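A short worksheet on the structure shown next.
Letters A, B, C and D name the chains as they come in the text, with residue numbers starting at 1 for each one.
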Amino acid sequence: MSGQHFLFVPGPTTVPQDIMNAISAPMEDHRSLAFPELTHCVLDDLKEVFKTKSGRAFVFPASGTGGWEIALTNTLSPGDTVIASRIGHFSNLWINMCKRLGLEVIELEAEWGEAAPIERYQEQLAMDRNHRIKAALICHNETSTGVTSDVAGLRRAIDDEGHSAMLLVDGVSSIASIDFNMDAWGVDFAVACSQKGFMLPAGLAITCASEKALNAFQKKTRTPRAYFRLQDMIEANDTGYFPFTPSLPMLRGLRASLRRLLDEGLDNVFARHHRLAGGVRRGIRDGWGLDLCARQQGTKSDTVSAIMMPDGFDSNEVIRLAQLKYNLALGAGLSKVSGRLYRIGHLGDLNELMLCAALSGAEMAMRDIGIDVTPGSAVAAASEYWRSDKQ
Amino acid sequence: MSGQHFLFVPGPTTVPQDIMNAISAPMEDHRSLAFPELTHCVLDDLKEVFKTKSGRAFVFPASGTGGWEIALTNTLSPGDTVIASRIGHFSNLWINMCKRLGLEVIELEAEWGEAAPIERYQEQLAMDRNHRIKAALICHNETSTGVTSDVAGLRRAIDDEGHSAMLLVDGVSSIASIDFNMDAWGVDFAVACSQKGFMLPAGLAITCASEKALNAFQKKTRTPRAYFRLQDMIEANDTGYFPFTPSLPMLRGLRASLRRLLDEGLDNVFARHHRLAGGVRRGIRDGWGLDLCARQQGTKSDTVSAIMMPDGFDSNEVIRLAQLKYNLALGAGLSKVSGRLYRIGHLGDLNELMLCAALSGAEMAMRDIGIDVTPGSAVAAASEYWRSDKQ
Amino acid sequence: MSGQHFLFVPGPTTVPQDIMNAISAPMEDHRSLAFPELTHCVLDDLKEVFKTKSGRAFVFPASGTGGWEIALTNTLSPGDTVIASRIGHFSNLWINMCKRLGLEVIELEAEWGEAAPIERYQEQLAMDRNHRIKAALICHNETSTGVTSDVAGLRRAIDDEGHSAMLLVDGVSSIASIDFNMDAWGVDFAVACSQKGFMLPAGLAITCASEKALNAFQKKTRTPRAYFRLQDMIEANDTGYFPFTPSLPMLRGLRASLRRLLDEGLDNVFARHHRLAGGVRRGIRDGWGLDLCARQQGTKSDTVSAIMMPDGFDSNEVIRLAQLKYNLALGAGLSKVSGRLYRIGHLGDLNELMLCAALSGAEMAMRDIGIDVTPGSAVAAASEYWRSDKQ
Amino acid sequence: MSGQHFLFVPGPTTVPQDIMNAISAPMEDHRSLAFPELTHCVLDDLKEVFKTKSGRAFVFPASGTGGWEIALTNTLSPGDTVIASRIGHFSNLWINMCKRLGLEVIELEAEWGEAAPIERYQEQLAMDRNHRIKAALICHNETSTGVTSDVAGLRRAIDDEGHSAMLLVDGVSSIASIDFNMDAWGVDFAVACSQKGFMLPAGLAITCASEKALNAFQKKTRTPRAYFRLQDMIEANDTGYFPFTPSLPMLRGLRASLRRLLDEGLDNVFARHHRLAGGVRRGIRDGWGLDLCARQQGTKSDTVSAIMMPDGFDSNEVIRLAQLKYNLALGAGLSKVSGRLYRIGHLGDLNELMLCAALSGAEMAMRDIGIDVTPGSAVAAASEYWRSDKQ
């Protein structure tokens, strides 16, 4: 196909040229005298992104799924109880993993499109007099539904009940794009990965653990693990190295990514995501007259919008035509919402015109299958919003 | 600025990744045993693009301006007379060059926005009983106004008068994007360059000479020249080499470009440009209600559209805001139309959504300075056209 | 430092340009319609490299250490017994991992520099009447000592005793460089990774399991695991996808790597490594008069040579000067041989002159600290060998 | 062929990764508001490299041959007389160009391998009472013979005779590698190009003109020229732009190159070239016992060594085998020394081990055709020199 490919799945996101240059530099020895400078630079800058002073960041060659496992196996032991909510595909998968790793899960069911039900977490914690619940799990930004949940609220709920549970957060599609504050929110383990807000290819699980998680929990965990064992990583990282061969291109890419994020300023990064998302939402609602999967105000994600299909239309057909006719990759509805929604990722290295292209292509594909949206309407609504908002 | 840069000047155009990879491969010896394979491959494939069997293609490290000089200095001598029309910035510059090189020019004036006046060429040729006119010069696609002229018609005019004049063509923004037929049209010298339809960076003058130009004219030219002397190039190319160090990255890039063009098929390339341009024109006319600089039907360029500003508005301000606010590069109005039009290039490696982005950005910038175009209207008109037209 | 960096650690190896181009191509959706073609192509070609028809290849975002864990946790359960030999740093680490994962290990101690003691494995297997031993582990090429062991011999030993133990092989620094034959040697699980013979950066654990390992063992394993759970990978791979976001750059790089390996022909790849290693060994022995760590004839590795220091000299000082003065990265002596040897990796995309550079740099660094080797002697011996041997 | 290609022709030289990254960045509009910053940065830094305060630097898409033409056609008119010496292939070609452009040339013949005969220039200038000679041409570093001539000496000779001739210098293979001082040496026009010491691909003619050349000569030149007309370039450059589309990748590459050169420090760059060349010369003389084409002490080039073949051996055969068997590109003997010498370029981004590889490969190829040089001898002599000399 001619022309550029427009990638609007909610990760992997487009990799900027300077990061790709860092990635594609020639190999080096990961045991060289110079190597520790890279290790320390990356791990220190990551703490700024996680907004933690006392926590500790970790980088593993793995996917975000590996990041979940790092969080669970280094803080919990088989038989431990955790509490978690089922609000979408990825929160479900994390719960499934808990079970595979031998954890007991108190599951809070909710409609897809709802945020994590903080009050119901609190009810359960209140009832848990013996602090059997070792950790509360929450998905900060459920990528399958485009819903952002209230992590700080969950911490308040835990604290309100005087509960000792750790707070473990899936921040895969929020961290580095939406405000996240490890220390202020009392997060004990946060999981991110490379291919979202960090603007890198997939391949790195990026996590951060609180002092409490490392000292009180990690040291007594009985879960067998080797590759993902944090203690080995801590000991090696302290010397500037890794316990096994790290992915040099990804570490260099991460350094370049962190430099970009910190140069732009995290608050500016968040504001940019919020502003761009605002235009997309106006395009969907005011332009096309379509609904988001996210229901409540204040929970609509700044990194991904899940667009509900009108009755009788199959979102997979929209996605297929967008790909084949317009060189546009949209995100599919996953598992139980397959066919019922498609997703536009709006995170990472992005601007207004890229989103105009995405909205135009999605609109053309929807019209191709007979959905009656007004031509140009999403671009009109989004662009007028951006114009009004842009100084 | 965040996100990708949208480059919509009518050259340089966006370089596709595979071509950039070819360009950035490690250096090699240009006198190696393997080198001739590259030379011959490029020069042979170029003949297919120029659509010539008997002509000969040349590649020089130079800009398109250098290409004009190659055409003039290798076929004409100081004091020779040529005929040419002034229909825009680039046809003017070529005429200026003729004068600097000591040629006499019969100049045909026309309004910018008009095509080259074939009938007036014919009148002059008819009057030139002694064949004092050695060459007729024409700009196939005047990039400053977005006007395509009738090269085949000029050849017919020459032949109708039984005139011996050569036909020299500036095909800088047409060749490899709009149909061009060296042999069928009896073109004696065609000038192209790398940064337009060939999807390469600037740096190569790509020209093609007819047998007649080489045999009857080149050999007796008295213009002093060295770097651009074709005879040296011919002798070196015949052995597979160059008379001076060639730009290896650009030759490799050109090979990759030619492979793309011939793999897609020239007719498909032309049809794609025509189809994409059709959408842009509908966006401008039916969406925004604005005029093109190109006046006559059938002369509106498939590679660049020059959009006239409504009275009271400065196109340079549109361009400035598009750049600063929307990361979009539009083409300026050059010399006497500065401020009165801006240009959108639509050539090279391009698709619908890239143009939706460009139209959206131009629209936002126009609205920012108060031009009353309807939001989303250009995308609406263009995208409906492309949808209807796309199989 | 000026000029190119010479990377001669035994992994990561130099990434050829075409592979790096594949790695640095723009991102795509890993759930697209086109994606399965990449998945199937890579997994099918991998089977050719592992030389298996009935086995199954797997690619995980992980390091080689992750590959070990994949092999162990998908075939064995806590409490199971395995037999393994300690012949160097990496075979030791694998044994340590076994223990962490709750396995019982029958450990065969040997001097570093020795190959895996096949006869002692056989003795133990012979004594194990009840087939308590579930698997025999062997390091095909111990990277820390430059010793290649007899995998086929270990299979024969198992079979000679009529034992049911699986054969698990660390082929990290052998596969794709030294002959390895999954099916012929009856290997049940083979572990490789991206940054050695595959000429990629680190980041992928590349493994292959036999039908028996998958059917008889994998399905009943009780080791808790999620990220590395093969059953999920099998189900997703069968549809052409992955159970979590794969590293697109690395998959594309792996496809390019496999194309290179199969285009060159595996036998030619092995012969090239053998021939280049032969020159290096002659340089070390006949040129410098130094010993390899590898003792026995027939066990000297074709991918890495570990060079013993004369008494009184510290190999870390050689490595430090090679790095700082000559832009050359040599491999260090690991754990108990730290300071006593340094290593030259000779695997991947390599040729004679690259090795001449490495030998020259190592020689200069050795002379700098006073080791009395004759200037030019290693290059002399190696180059004469290569000349005589080259057709 | 496996492994890296070793490029040791005296240009093009190896392009460092950071420069290649600059070259392969996405295209931009060359008429944008931001563009002048690039233009001014490059032209200002170039003046530092040419060591001129009052001169003016120019960058054209062209080869070095184009640079010669820029120098001649912008300072001289047809019929003017110049004086020049024939001391090798490139000085010959420049003289040929003079003749083609209608200049009269007083030619000083010398043996290839000799430096430019300053005293004979002076004799001629002394006899030229009427100052008919408008310019003295000299090749600072004759690339075909590896001989450096005394530019400052020629200026002294001109001044000693109170002559008004301009001093035009071919610095193609010296500038940015060997000390060159435009102002101190009273050079009026210096010609360089991108693919030598600037570590870029071929494609840019880089020149510098003195105030006198521009004011007293350029303004009255009668040579017809357009593409290479400096006055247009001056006017456009003054505004930060170019009179025709510049090669953006090469300008960006040049900026990166200049940053490297000035960061390393010109004196350090020159010292590094001198030191590396010293090792190569010792390898050739003390190791192999072969002669350089350069005869006199003090004229042996720090950027290229031309190695004379013993009687009965054909250098083209050495070059052919080096290419085919060892992936090494050596420079050929040009025109009348074809077969009698081969050349090793030692300029640009280079270090000791790269040269060890080159010397090893040349040695192997020489031994392959039966030249009796001692194996390892060049590496031995060179590396011992570098070791002794390295702090």
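Going forward, a contact is a pair of C-beta atoms (placed from the backbone, for glycine too) under 8 Å apart; a residue touches a chain by one contact, two chains touch by 3 or more.
Since this is a predicted model, take the numbers as computed values, not measurements.
Asks: Pick out whichever of the two, C-D or A-D, is joined by more C-beta pairs in contact.
Replies: Pair with more contacting C-beta pairs, A-D versus C-D: C-D.
Asks: Sort the other chains by how far their Cα centres are from that of subunit C and give me the top one.
Replies: B
Asks: Taking shared residue numbers divided by all residue numbers at the interface, is the value for subunit B and subunit D over half (same) or under half (different)?
Replies: Homomeric contact, same residues on both sides for the most part.
Asks: Between subunit B and subunit D, what is the separation of their C-alpha centroids in Å?
Replies: One centre to the other, that is 34 Å.
Asks: How far is the middle of subunit A from the middle of subunit D, if each middle is the mean of its Cα atoms, in Å?
Replies: 54
Asks: Once you find the CA centre of subunit C and the CA centre of subunit D, what distance in Å lies between them?
Replies: Comparing mean C-alpha positions, subunit D is 46 Å from subunit C.
Asks: I need the residues of subunit B touching at least two other chains; which ones are they?
Replies: As it turns out, subunit B has residues touching two or more other chains at 4, 14, 26.
Asks: Inside the complex, what are the residues of subunit D that reach subunit A?
Replies: 17, 21, 25-26
Asks: Applying the document's contact rule, which stretches of subunit C touch subunit A when the two form their complex?
Replies: Residue positions touching the partner: 4-5, 7, 9, 11-15, 20, 23-24, 26-33, 61-66, 68-69, 78, 97, 100-102, 193, 195, 201-203, 223-229, 243-250, 320, 323-324, 329, 331-332.
Asks: Under the definition above, what is the set of subunit A residues touching subunit B in their complex?
Replies: 1-4, 6, 14, 264, 272, 287, 325-328, 349-354, 356-358, 360-361, 363-364, 367-368, 374-381, 383-384, 386-387, 390
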